[in-house]
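The structure is given below, and queries will be raised subsequently.
Chain lettering (A, B, C and D) follows the sequence in which the chains are written, and residue indices restart at 1 in each chain.
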Amino acid sequence: MRELMYLQAINEAFAEELERDEKVFLMGEGIQTGTFGTTTGLVDRFGPDRIMDTPISETAIAGAAVGASLMGYRPVADMMFSDFMYIAADEILLKAAQWRLLQGGTQQLPCVFVANIGGYRKLGNEHSQCPYSMMLHNPGLKVVIPSTPYDAKGLLKTAIRDNNPVIFLYHKGLLPVMGEVPEEDYTVPFGVADIRREGTDVTVVATSFQLFWAEAAADMLKDEISIEIIDPRTLEPLDIDTIMTSVRKTGRVVIVDEDTERCGFAGELATQIMERGFYDLDAPIKRVCAKNYPIPGGIMEKFVLPQPEWVVQAIKDVMVD
Amino acid sequence: MEFGKEDLIKLYVNLVRTRAFDRAAIKWLATGKLLSFYHPAEGGEAPGVGGTTFLRKDDVISPHLRGHGLPHMIGKGVDPKRYMAEHCGKATGFGNGLGGFHSAMDEFGMFGGTGTLGSCFPLSAGWGLAAKKNGTGQVVVCFFGDGTSNRGTWHEAANMAAVWKLPIVWVCENNGVAQYMPIQDAYPLEDLANMASAYGMPSAVVDGQDVVAVAEAVMAAVEMARNGDGPSFIECKTARFSAHGIGNPDKLHGKDRTTEDIAKLRERDPIVLFRTSLLEKGVLTPDDVERIDQEAVAEIDETEKFIDESPFPDDPALLDAALYAE
Amino acid sequence: MRELMYLQAINEAFAEELERDEKVFLMGEGIQTGTFGTTTGLVDRFGPDRIMDTPISETAIAGAAVGASLMGYRPVADMMFSDFMYIAADEILLKAAQWRLLQGGTQQLPCVFVANIGGYRKLGNEHSQCPYSMMLHNPGLKVVIPSTPYDAKGLLKTAIRDNNPVIFLYHKGLLPVMGEVPEEDYTVPFGVADIRREGTDVTVVATSFQLFWAEAAADMLKDEISIEIIDPRTLEPLDIDTIMTSVRKTGRVVIVDEDTERCGFAGELATQIMERGFYDLDAPIKRVCAKNYPIPGGIMEKFVLPQPEWVVQAIKDVMVD
Amino acid sequence: MEFGKEDLIKLYVNLVRTRAFDRAAIKWLATGKLLSFYHPAEGGEAPGVGGTTFLRKDDVISPHLRGHGLPHMIGKGVDPKRYMAEHCGKATGFGNGLGGFHSAMDEFGMFGGTGTLGSCFPLSAGWGLAAKKNGTGQVVVCFFGDGTSNRGTWHEAANMAAVWKLPIVWVCENNGVAQYMPIQDAYPLEDLANMASAYGMPSAVVDGQDVVAVAEAVMAAVEMARNGDGPSFIECKTARFSAHGIGNPDKLHGKDRTTEDIAKLRERDPIVLFRTSLLEKGVLTPDDVERIDQEAVAEIDETEKFIDESPFPDDPALLDAALYAE
């Protein structure tokens, strides 16, 4: 099958959905040029009214996306770095997420917020975060964090077609990664986890870029430990059933997630697993997350962001007794 | 826009109905029928009523919190029954009992309200963008208080509206105070309309106690926007006769507003002023005035009956249905 | 001992710290009048330069507090409703919280963000939340949620004297509650939980206003179940040791917290307990939190916000087997 | 302010040093010595240098991202060694290797940088408030780009500064572009200085390629602020000679900037213009020029040596110490 880079897969998903539905439009800072290539070239095909370069006004971009979605458009707000979404927290976490319910549940808000996540580039706290736990914490948003070109394209198309606000977060570290992407139209449904590798000793739930660490660890340990790796792909809706089926089989769990540990997705998932499968667990669940510090600039980030050896260690830890 | 006799009467009727609903809301809050809180419109009805009465049904409005949007809704032609039912927590409300003082009436171009002041600005930019894109001539009229104008969201939305020439009219209801803060301590110039000059946006300052002056200024701006000439700014100098919210002290910087201050404001009651002028001009007779008052009372009674007969929502499943659209 | 209302205790703490240290000042919307009584009257004693009424500019209020703290002042930013802190998310969650570490850790940012939290007033999502889990998630902030007049005063004084940004959240439902408050100067240290009631069967960790539900439940069940109730008082720093000592004794845990469940404090604490005391647990930990919906306006909030009977049920649930 | 010969030479030296450091940063990024990213200052050095060179040491500055604050730091009198060491991730950096391109030099009134553009505005309001409170005559000078001026934070901070008469000078470095966006598509008027009129704030538009003009305008505004006359706004029309950041395409709306466009900008190189004028006036001789260039080269060499000899931080305990103050 044809291979594309993750960033090309995203770009192609945009192009196809722009083509398919004239209500779809994109807006964001410099998107006609495209800071990360995900929107590059689209303006040549769809024109500046549908690929809108905006002023540096994150709050207005996000709020305008919400507004336009209420009037039947399907805006995609490109927020560039997900860290900049803090600037539009009211617009994204309260307006986009909660408007529908607060007005009685009769409206539709089909908008997508797209942004990059992730560290390992020594850029410091405001260009490195994975702030999706905050988005999960404020009910009303669907949250999508694809780890492959295939999923990036298929999930982005689903996101744009969804009648609810969706957060679509692509990882900087994945942008140049190649993978198979069919030529035909396809979508990937929300709420269906991907079992990336089957195993019987330990369940490793890993997200986005962290799947690299999980797979590297599984490779390293393959002669000793049989590891099942699960990529939830969407964090809301979350395919807890697939995870629980795996947990019931292995009894041991490591969660690898790049967002900050405290009050993060990993703790949430650990608690949900415990609530549902306490008696199936043979050892305490281990979290491998960004440690509870701001992400420093420079090389010190290596002490904060999850490292491959932390995953190996966590897997060994849950195998004890 | 030229206003005929019918137009003037419509404005007057909407003002009277607004005040009747405002008083009802105050009473119903006291008796526990109305839930949460209420911020009375008395003295500040004209900007909302004047700014909405002559809009197209599909024009979009973002109501200001004062009177919880009653002046704007009534002007826009919404029957307030289901809005008031919502505010009383009833299942028959516009928000199916989920919204409280928020609630949307999409078919009247009211997509709903919010609790954070100033979040109306980016949303209005989005509504304006959609209106421009769909090309049907829809206009967005965004109402907000003097205090709310200090939110940074206005700058972003106003700039976006100006640079993209969006069909938006910003209507500032400047009643001189924001909760306990006088506007002269929150903004350095006399007129908030100066804010428009940062974006080369046309602006006007009007007597916000004169409902006709408001309607004229807003409708001129609306015509401009409809013709593709972009956004503008209308500042209405108005008043707040009572305390910020029911149960709140009527203070500025911790000191009581004096009875003289209030009495002076009340001299320029927008309804009294307009009634006097309509009676003088012979547009209304004393009998008309009487009848309009009685009709308003009847409407309130009918609304109260509707609310009282409506059930409270009582099904948690409503939440699941309301969380996500299909 | 003298009794004061919770709101008076807060007011008194402000007065004493304003008196004690001239670098302390307050700013916020309408605070000279005082929306909830917590700052009422202070302007008469300390004047408008130290009790500053501001424009409606949450972003600037929060950012200015951060700025002034870097120059040796000890500003208190009164954000009124904690829901409005979303508007200043960049300023509070990134600037206040993370500035010090990102500039190398040599500066001090002694600022306090004060706001009310809590529902049960039918005000809807934007006037009812308890958004402290988001504050815990972004490292660098101390988070204080007092449940009694005594703690409110003592913790607020500690907050103002702390050389770091502190979030101080008082619950609307507690404002008129009376309690003993000494006349003498005292402070309550951060990171020390309060064992509100001793027991041997179940550990109930409850926060802020939820302690009422926890105590009501314990009263109801007192003939059947011996319940230990712990109020952590500060969520960061968190006194996990006191909690673990209790868990080791009881083996059963219920966490009662009004913030939204998903990615919230309760899940974090549940995970921390599991990580440290997996083998001490006799049953899965139960969370009683706001359900994963926006908080509706009107009476529907009763289906979302924790109710006393939910606590009773959760305690019974953890007692099974 | 009257500038004497020494002053002019100081300005010139600071411009030359700025460009030398800018070039070094570009080179070091290419070789992996400088970490993360870099946004070159070339063509836009004069606002930063002119706006800072004559400030008091305790005046507060908020540098713009362009050149990552090098023009401003150098003007302010900071030895860039430890700043560059920080940017290279070294333990000897101003941020002890924790900050990268952020880092504070409190004793020079630089409390640090941020990653989110426009968060400088509320912080500057706070610095201005502290400066007003402490009564020492400190002034805050906040530098920002044309693109950054579109953030709503500016409105809130500028309004607060105006209404409280805070000693703040807003210096807009308008280079006509924000990353890939021309300012004429992001703001509706010719001059960003119009933004000041919303708050009745004095403003001036100056040739940002003329370092003396910048210094004059900024220092006049600084004097006003020092005297308690409140904030003002200086717009410097400047230029960006290269792409937004190293490794980025030099495009606007997805189309390449033409070589003619760039050539035209380069005709007004602030260093060349100033050098020519100083040589003409006899303030500098060709020998001086040569010597100043060589001194700058020597300073770069020394800085590089310092960086190369500095260790990387390697102790996670640094994080605990940096998270909270005692």
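A few points about this structure:
What we mean here is this: a residue touches a chain if its C-beta (ideal position, glycine included) is under 8 Å from a C-beta of that chain, and two chains touch if they have at least 3 such contacts.
Keep in mind the model is a prediction, meaning the values are calculated, not measured.
Common neighbours of subunit A and subunit D (chains touching each): B, C. A separation of 45 Å divides the Cα centre of subunit B from that of subunit D.
We define each chain's centre as the mean of its Cα atoms; on that basis subunit A and subunit C are separated by 30 Å. Look at where the CA atoms of subunit A average out and do the same for subunit B: the two points lie 40 Å apart. Distance from the subunit B centre to the subunit C centre is 36 Å, each centre being the mean of its Cα atoms. The multi-chain contact residues of subunit A, meaning those touching 2 or more other chains, are 54-55, 57, 59-60, 83, 86-87, 90, 94, 101-102, 124-126, 139-140, 293-294, 296-297.
In subunit D, the residues that touch at least two other chains are 86, 93, 95, 97-99, 102, 114, 116, 150-153, 156, 159, 163, 185-187, 318-319, 322-323. With chains as nodes and touching pairs as edges, the resulting graph is complete, every pair of chains being joined. By the touch criterion stated above, subunit C contacts subunit D in their complex at residues 25, 49, 54-55, 57, 59-73, 75, 90-91, 94-95, 99-110, 139-140, 142, 163-164. By the touch rule above, subunit B contacts subunit C in their complex via residues 35-37, 86, 89, 93, 95, 97-102, 114-118, 147-148, 150-152, 178-181, 185-187, 248-249, 251-254, 312-313, 316, 318-319, 322-323. Those residues of subunit D that touch subunit C in the complex are listed here as 60, 86, 93-99, 102-104, 106, 111-112, 114, 116, 119, 121-131, 133-134, 152-153, 156-157, 159-160, 163, 318-319, 321-326. Contacts from subunit A toward subunit C in the complex involve residues 83, 86-87, 89-90, 93-94, 97-98, 101-102, 124-126, 133-134, 136-140, 236, 260, 262-268, 270-272, 274-275, 278, 281, 283-287, 292-294, 296-297.
Those residues of subunit D that touch subunit B in the shared complex are 150-156, 159, 162-163, 185-189, 194-200.
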